[in-house]
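As structure tokens, here come the structures.
One chain, chain A, links the two complexes that follow: it is found with chain B in the first and with chain C in the second.
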Partner chain A sequence: MVTNAASFGRSGVHDFILLRASAVILACYTIFLVSFIALSAPLTYEIWHGLFSALPMKVFTLLTLIALLIHAWIGSWQVLTDYVKNTALRGVLQFTFVVTAFAYLAAGIVIVWGV
Partner chain B sequence: MKLAFSVYRYNPDVDTKPRMQDYSFEVPDGSDMMVLDALLKLKEIDPTLSFRRSCREGVCGSDGMNMNGKNGLACITPVSTFKGKTIEIRPLPGMPVVRDLVVDLSQFYKQYEKIKPYLINDEKKPAREHLQSPEERAHLDGLYECIMCACCSTACPSFWWNPDKFVGPSGLLHAYRFLIDSRDTATEERLAELDDAYSVFRCHGIMNCVDVCPKGLNPTKAIGHIKSMLLKRAV
Partner chain C sequence: MELSEQNVKKQRPVHLDLQTIRFPATAKVSILHRVSGVIMLFAMGILIWLLHGSLASAESFQGVQALFDNFLVKFVVWGILTALGYHLLGGIRHLVMDTGRWEELGSGNASAKAVFVLAIAFSIVAGIWVW
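The block that comes next holds the complex of A and B.
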């Protein structure tokens, strides 16, 4: 067995499930948002504000942001372990990616709950 | 009709870096031959050219190489496949080159060894042999035929980047062959050994292995079955 500590999940199976579960949430959110924009033409500020004022949409958006964080964490870990063989450099890059992903999540929470 | 070749040449004892060498010879119009026959002809022209071959009929898996960008067995690849273009022959990608078209497959065999490619059965020994029903035996079809030519594993980017951690399509095809064998009792131990982020899950299903397998096997499908077994075991 090969061990790893820097990925989000604690095992290959865990990562596999998390990647797919987060992908489903991201796909649902994308389909919903694209459909909403397509069906709400002309899209005004009031309609957009109304959409994001509703609690279910805030929760859905928060869930999507968390799914994005998990998806990006596992994805970046997989890409970096493929292409960056220097452990120190990979650690720095992984740290940067994860911190950036957390920053996006924090910013997203503030923005969505500020509506 | 002229057959033209561009062959990868590298002798680490003499050359500082690899180079491509051009060869050509005449054949009667409308005739065909296998790439291996052409290589044997080239070896008559230039005896320093090195490559592996043995059975010359797609059974031993010795002459796996990269022909015009695609891995395959030289002995069962007709030169007519390349429609008169110059045939570029290179060693299997991602493996250390021993000389010319001969590569060092140690890492490939290490991964094969890792999956314990033999029957493990801790039950009481039967009087004569472990019996299997025709249905149980049918599960091994599409798995046992692998000749370990390494065409699949050396066409897999995941194996290129992590040959020490990712078992690779060939090894995993063999792993599933024993996981699904009704006579094998070490299923749990085999799965436990594969249950990490690299050994199986580095396969992202791009199916290069299926595309190049000279025996028409489907390692991606076998890997999918192993992933399902690991998932069932975990949830």
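The block that comes next holds the complex of A and C.
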């Protein structure tokens, strides 16, 4: 079995499932949030603040950022292993992408914590 | 002789006329799915920054709303929405293909073209919404 230290899952099958599971969460959050903003126009601070002060919305937001980390990790691994043949450069880029996604999660925790 | 060179005809036809080589719709959908995905990994930083501003206080919420008076901000947000809509539609096509559908030449090409049409339609709606 081919294994790669830079991939997210334990195997290709694991990556396959995680990519799709995280995609479903990302799609649900995107459709919900875009619909909410579109349907509650004109959007006021009270409505917006009220939405994110509810515990389920905080959990949904953090769940989505975890899904984003997994999805971006696997997706960037697929793209980088196809196009960047230089191992050192690929390693640096993969590190940057994964750290970026982790930073989004950390930022998201701080943002919804204070609401 | 290497193992990979065995049983291979030496005189194979070579087709490298770049003027006549065209990506089929399925290949275009695939590469744009990757491009839109990488774009959104960075675009997400902008969206999280906007989320922070919109939730920090009533004043900063007004500040984020005022940002949308700027053409460049509108253009970037429209671009993000277009990439998001395209990636979402391409992703739904992927999930359908996981069930064994749309895997033939005809249906694969048709669904790829449908993704383009729907993505352009969504992009236009998003543009009207932002402006």
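Quick note on the criterion: the second predicted complex is superposed on the first by the 114 of 115 C-alpha atoms of A that agree within 3 Å, B and C clash if a C-alpha of one lies under 4 Å from a C-alpha of the other, contacts with A are read in each partner's own complex, and residues count from 1 in each chain.
Simple rule for what comes next: a contact is a pair of C-beta atoms (placed from the backbone, for glycine too) under 8 Å apart; a residue touches a chain by one contact, two chains touch by 3 or more.
Here the structure is a predicted model, which means the values were calculated and not measured.
In the superposition on chain A, A:Ile47 contacts neither chain B nor chain C.
In the overlay built on the shared chain, the residue A:Thr81 is in contact with chain B alone; chain C does not reach it. Chain A is touched at more residues by one of its partners, and among chain B and chain C that partner is C.
By the touch criterion defined above, A:Asp15 reaches chain B but does not reach chain C. Once the two complexes are laid over each other on the shared chain, residue contacts for A:Gly114 go to chain C alone; chain B is not touched.
The intersection of chain A residues touching chain B with those touching chain C, taken from the two complexes, comprises 78. By the touch criterion stated above, chain B contacts chain A in their complex at residues 157-158, 161-162, 165, 192-202, 227, 230-231, 233-235. Considering their complex, residues 1-4, 7, 9, 11-17, 78, 81-83 of chain A touch chain B. Residues 20, 23, 27, 30-31, 34, 38, 45, 48-49, 52, 68, 72, 75-76, 78-79, 97, 100-101, 104, 107-108, 111-112, 114-115 of chain A touch chain C in their complex. Those residues of chain C that touch chain A in the complex are listed here as 34, 37-38, 41-42, 44-45, 48, 51-52, 54-56, 58, 61-62, 81, 84, 88, 91-92, 95, 98, 129.
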